[in-house]
Amino acid sequence: MTRFKTLHILNKPPEHARYRLCLSAIGPQDGLLLTENGVLAITQPLAINKERCFALAPDLEARGLLSHVSSDQIASFDDMVDLTALAENVISW
Amino acid sequence: MSTLIIIDQPPYGSWEGREALDMAFSLAAFDQPVSLLFCGAGVNWLRKGQDATTIQQKSVERNLAAAPVFGVEALLADNKACDHYGLTEEDLLDPVSITDFGPELTSRFDHVAFAG
Amino acid sequence: MSNSLPEQTKTPAPAGVFTLVITGAPYSSQAPQTALHFARAALAANKRIDRVFLYGDGVHLASSLSTPPSDELNLSEAWAGFMAENNIPGVACIASALRRGLVNESEMQRHELSAFNLRAPFEIAGLGEWVDSAASESRVLYFHRGS
Amino acid sequence: MTDTLMPERNNEGFLENAEHWSPKVAEIIARDDGIDLLKNHWEIISFLREFYKQHEMSPPSNRLFVKAVKEAFGEAKGNSIYLMQLFPGTPAKTACRIAGLPRPTNCL
């Protein structure tokens, strides 16, 4: 499981001011986990490497977006527990 | 353990910033190092000359002035947001320092949190 | 999920204890649901949850009076049940709660109010409980509203 | 001075309306706690009232009350033992009550 310096958990849609704030705080060793309406960002080009960006499966599924994402970017709640436990720090935006 | 509390909501329109201030004050009460960062529309907390009497609220300017007394270590304002809202150093409350928001700043803290 | 990053020099032990802070209200945000799914997964992974802290609008989750239609999930009930089953303390911040009309029996008496509405096992306490978690080894995770 | 002069107070003895405060009212409230107000008490009461005026809030906890007093008067007075002797019980709460300030939120 990936071990990030800071894991950013983002639950805001791309129009939200805090969405932009979050993206501007992501460092080179950080990871991004999209949850809730944050998963809508998956439909848009993201300025973060795909290897460091995940989206929560139930939220993708609810919004009809599961097929838009490659399988190694899809995170379950179990993955979310691992990601948050392993990261040095976590910021919830 | 050092904490950064971020206020990105403007004052008066919601209680979120006040509740963020309470978080900072509680950490300070227990001698935990804490700083406050204002960014986005939150920088409007920092403008001098507020008077909230007619909207029947307490002045966040006056509330915030208690932060150094209680031991909040630093009041920081994001450079870009200040520019965006036309705030220069002279417009800001005295103990505020302007800084650049980004991973270098947030990674200086063990714990970064919003109130809502 | 099989991604990996270049190895880092500092590799702290993974967090084993979580504190969940919920600031998004039920039915106006997804926060309490996301937090509950996370909490179940955390226990299943042998992690411990030392406490759930409700802050700001999140205190509405502790209402004993919320009554959604019978075909919708009752979030307060689901959370209360989960905490009781797993012996997880739940605390609503007193300042947030009193402002928003959530009181227990002793606050009802203290403020001479006509009723109380705090759902067991939630309790009312100060931000000191949150400071306590933040200053401990516990990993504090926040669940905010999404809009 | 009789009790009829006493403005309305809540069940914990705090004034319902802060504008009804006067030094005489403070003396009556203090007497309920068995306190005779002396110079040292008045120093803290004036400080608290000034703090409230300046910040539109009382220190939101006992610890922060002690910190604020320490900032203003130094270690000798800014410690919980000194303040406890002047204002028994929870010093911040007792002092706010006598100073005619709102009941603290118990936030911490």
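Which chain is which? They are A, B, C and D, in the order written, and residues in each are numbered from 1.
The rule is simple: a residue touches a chain if its C-beta (ideal position, glycine included) is under 8 Å from a C-beta of that chain, and two chains touch if they have at least 3 such contacts.
Since this is a predicted model, take the numbers as computed values, not measurements.
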Common touching chains of chain D and chain B: C
Most remote chain, CA-based centroid, reference being chain A: D
Distance from the mean Cα position of chain B to that of chain A, given in whole angstrom: 27
Separation of mean Cα positions, chain C and chain A [Å, integer]: 22
Computed distance of Cα centres, chain D from chain A, in Å: 50
Chain B and chain C, separation of their C-alpha mean positions in angstrom: 25
Residues within chain B bordering two or more other chains: 22, 26, 29-30, 111, 113-114
Residue numbers of chain D (touch at least two other chains): 61, 107-108
Interface hub residues of chain A, defined as touching at least two other chains: 5, 92-93
For the chain B and chain D complex, residues of the former touching the latter: 22, 25-26, 28-30, 58-59, 62-63, 65-66, 69-71
Chain A residues touching chain C - in the complex, by the definition given at the top: 1-5, 9, 11-13, 16, 29, 35-38, 51-52, 54, 58, 72-82, 84-86, 88, 90, 92-93
Touching residues (chain side chain D, partner chain B) in the complex: 51, 54-57, 59-61, 63-64, 67-68, 71, 107-108
Parts of chain B lying in touch with chain A, wherever the complex brings them together: 8, 39-41, 101-107, 110-114
Contact footprint of chain C on chain B as seen in their complex: 1, 3, 15-16, 19, 22-23, 26-27, 29-30, 32, 111, 113-116
